[in-house]
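Take this structure, written in structure tokens, and hold onto it; I'll ask about it next.
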Amino acid sequence: MPTESAGPAGAKAVTRAARVRDSSAANQTSASNGSAALGTTELSVHYPNAPKPALDSVSMTVPRGSFYAVLGPNGSGKSTLLRALLGMVPHAGGQAHVFGRPISDWHRRALAREAGVVTQSESLAFPITVRELVAMGRYPYLGALQSETTTDKEAISQAMRMCDIENLAQRFLSTLSGGEVQRTRVARALAQEPNVLLLDEPTASLDVRHEMEILELLRASADRGMTVFLITHHLDLAARFADRLLLLDRGRVAAEGEPREVLQEETLQRVYEWPISVSDDPATGLLRVTPLSTVSGSGQDSDSS
Amino acid sequence: MWAGIYVFRAGALTYFSNTVRGERGMRCSVWFLVAALVGCEPSPGAQVPTVDGEPDTSSASYPVELVDAAGTKHTFEAAPRRIVSLVPSATEALLEMGVANRLVGRTDYDRVPELAGLPSVGGGLQPNLEILVSLDLDLVIRFAGESDLATAERLTALGIPHFAVQPDGIEDVLTIIGNLGRIMGASDAADSMLSEIRGVLTDVARRVAELPEPRVVYILGGDPPWVAGPGTYIDELMTVAGGKNVFDDLGPLYAPVSMEALLARELDLILLSEGLTPPSLLAHVRSAVLPGSVEIPGPGLGRAARDIAVLIHPGAFDPEPR
Amino acid sequence: MKPVTWAVLLGFIVVLVFLLSLGLGSVDLTIGEVYAALRGGGDLSDRQIVVDLRAPRAVMAILVGGGLSIAGAVFQALLRNPLAEPYILGISGGAATGAVIALALGLAASFSWALPAAAFAGALFAIVLVLRVAATADGGVDVRVLLLAGVVVGAYFTACMAFVLSISDARTVRTLVLWMMGSLAGSDWRTVGMVTLYTIPASLALVGLARPLNLLAIGEETAGFLGADVERVKRIAYVLASLLAAAGVAATGVIGFVGLIVPHAVRLMVGSDYRVLLPLSFLTGAVLLTVADIVARTALSPAEVPIGVITTLVGVPLFLLLLRRSVGAGTGIGAGTGSGA
């Protein structure tokens, strides 16, 4: 919804919002398997010794080339969904498919050539340089003792360029800042030359600048045709960058669709069990999701739910 | 048994907390040889074989056929001219027989002056094979032990003849002396050693025959104290000397026992290994310290038996003119 | 320095040290005598010393030193722990228990190979036991449980061994204590042949697993996402590395510290890429153990210093030196942990 705004920042934001809408419009009707990057049908996952299922009959679709964000409170099953999609946890029922094929049909290495994953965190056992870490993304393409070919070297350089870490190539990871490390990990995933990127809260411990850098990088990739599957806590940023959202609530789908459809006050308040206000920011024209305070004196009315 | 004691000392280093005892243990191995040799003065009237020069081989009769302690048959066409003995009691016997000049090497535990100039082959249980090979030997005298079958095989593979002996008890030592005498063509010397030893043993047995057996224990040291059980050489000596080992129900050859066990068994005599003092709780019991040499079987066993008998039955041994 | 350069240099050093090992020992031999002996001529006793005594020892040092180093590097990747070494999972305890039982039962009296065979059997038993404890429902290996189970099983076996020792005679005690400190003295061509049979194939197979092992260093989950068959790799790596260590222990007793420091030293030289780390570790370990064996044989000749003592006494200062120099450069041992959050 383009709105009038003052100042160059506003103009930029308008353009961005419009772009988001355009691409989401194009993808709106592509919910069928054929053009879906990832999808599940009634997928359930049950961890042993858990009282309730981690995922309960979840059906969702990630259209090809879209920026798809997954939201939900802690324990709602977001990380489980990512892993179940890629066959890393056993299914208790239902189906998951990647690029039209059931996940059980996928060979692990072939899958790694299509899907790049960035998990929340890693602890490295031994010292490693940036370039070495990014180079590991070429694992799915190389034989047991084979050396890197020109193609591999190109892919690695390209990935590092995209993430703006070329000048850090020979640095040891332990000497980098949190943001630089995350960009390196994203670069590794990009070095896999995947068609879909899956990220689990990659910006959780990053400051504003580093977080925005990564999100803008992901957005740019999506614009170039990459499918992005992003798990995040940041409702605002999800609304801003994503084409489609999935809101999970205790293992179930609470809502799926465009940001404005999903981010309804009532839904959010039910799922997050906290009063939340959704509005349009007059300055930027972006959707603004604001948790309300239950302590009086904040100037807002609050409904306890 | 000798090997048992000397290796026990080495092994005991890792078990005993008292480092003083450990050091003493190492020196003990030297002591036994010196003491045994000193104690083994020939009694007047016996034939004394020459120690220098060629041995008296007039009693030699070849070929000699023997079965060694490992069950292997050997045939000796002539006296071996270059030998190494890995078994200290055998080395002692050879020295006494007067064939020391046939020895071209020694172990680290042979520290007597006669052998000092010879190259050492290391320990008796795992000798240095390179040096053995370089010595160009006719015969190696080795332990017939469980733990060192590998050495025997390697000696065979290298073409070095070896004769196994078992130096564990009184009879064993006598057998060794006899066999070595025949091998080296020094049967006369060997026989005179044997008759001397037997003479002393018979004398001791006669003196203690009718006497009641005092209850004796032999303590090697350590905390809790290690004692000698049945089947050990020292146990044999104690029995020959007319005593009763209170721990003749011990399972292993040497084992630590609690103070309670010591107190519970009535003791008439405590025999202590060299350098030890009796436990304070047993200060009321008569005790005596023995030189370390008595723990190790060797040609000095006659003297050792007599020394112990004197301690156990002092009254039976009136001083005699010597 | 490039890895290939290192490999060539180390290979050259291995050959050099091997020849040194033929020439040095309790008996002085000139180069000419050694050369003559190798060609089949010269004095019989010289030939015996060089060909029957020293050569198999030197070859064994290369095999066991290399094998232990590779096994150590693999365990470090598997357990994601820089302190891992080949005996951490109970192998030495199991081997020692097997050995002491063979000694106590007098089996070593009847068969000279009873001791190594029993040691190997004991090690195998420990390996299988630990693997079963750490096995997950889907046939994988939980490495946290693996580490804990290995340490506990090792402690248990050590206690068993101590118990058997406490009721054994002195000769058994001393034999076992010496065996536990490690020695290459028993190396003849037959045992060398048997150790080669295990060591070479297992080492080659592990080098083939270098890439997935690299991925394990980042994390099992990430490795899986990058396309590695993590559970299968862990199981194979565990079994092969354990067999390498077990073969070494059975042949030579417990030679400690080699499997721990060599991979780290090599890491400090060339980094953590296992495609390079494994072969260079083999060569470095071979050099280290051959040199240690030379020292063990000559330092207190004619007595032999147990080789495990030498590897530790020499290895630790060297390693500390390397460590100090690397800490400043940020490439030190602990430098990798905790990043990437």
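Order of writing sets the labels: A, B and C. Residues in every chain begin at 1.
Please note the rule applied: contacts are C-beta pairs under 8 Å (C-beta built on N, C-alpha and C of every residue); 3 or more make two chains touch, one makes a residue touch a chain.
These figures come from a predicted structure and were not determined experimentally.
**Q** Find the chain most remote from chain A, comparing centres computed as mean CA coordinates.
**A** Using the mean of the C-alpha atoms as each chain's centre, the farthest one from chain A is B.
**Q** What is the identifier of the chain with the smallest separation between its Cα mean and the overall Cα mean?
**A** If one averages C-alpha positions chain by chain, the most central is C.
**Q** What is the distance in Å between the mean C-alpha positions of chain B and chain C?
**A** 40
**Q** If you average the Cα atoms of chain A and of chain C to get two centres, how far apart are those centres in Å?
**A** 46
**Q** Cα centroid separation between chain A and chain B, in whole Å?
**A** Measuring from centre to centre gives 84 Å for this pair.
**Q** Once bound in the complex, which stretches of chain C touch chain B?
**A** Its residues touching chain B are 25-27, 45, 48-49, 52-54, 103, 106, 108-112, 115, 167-175, 177-178, 185-186, 188, 301-304.
**Q** Where on chain C is chain A touching in the complex?
**A** 76-77, 80-82, 207-211, 214-219, 221-222, 224-229, 267, 271-273, 275, 330-332, 335-341
**Q** Okay, in this complex, where on chain A does chain C touch?
**A** Per the stated touch rule, the residues are 86, 88, 108-113, 115-117, 119, 121-129, 132-133, 136-137, 139-140, 142, 144-145, 172-176, 178, 181-182, 185, 192, 205.
**Q** Considering only the defined contacts, which chain B positions touch chain C in the complex?
**A** Against chain C, chain B makes touches at 3-5, 7-8, 10-12, 14, 108, 119-123, 125-131, 133-134, 136, 145-147, 149-150, 153-154, 157-159, 251-255.
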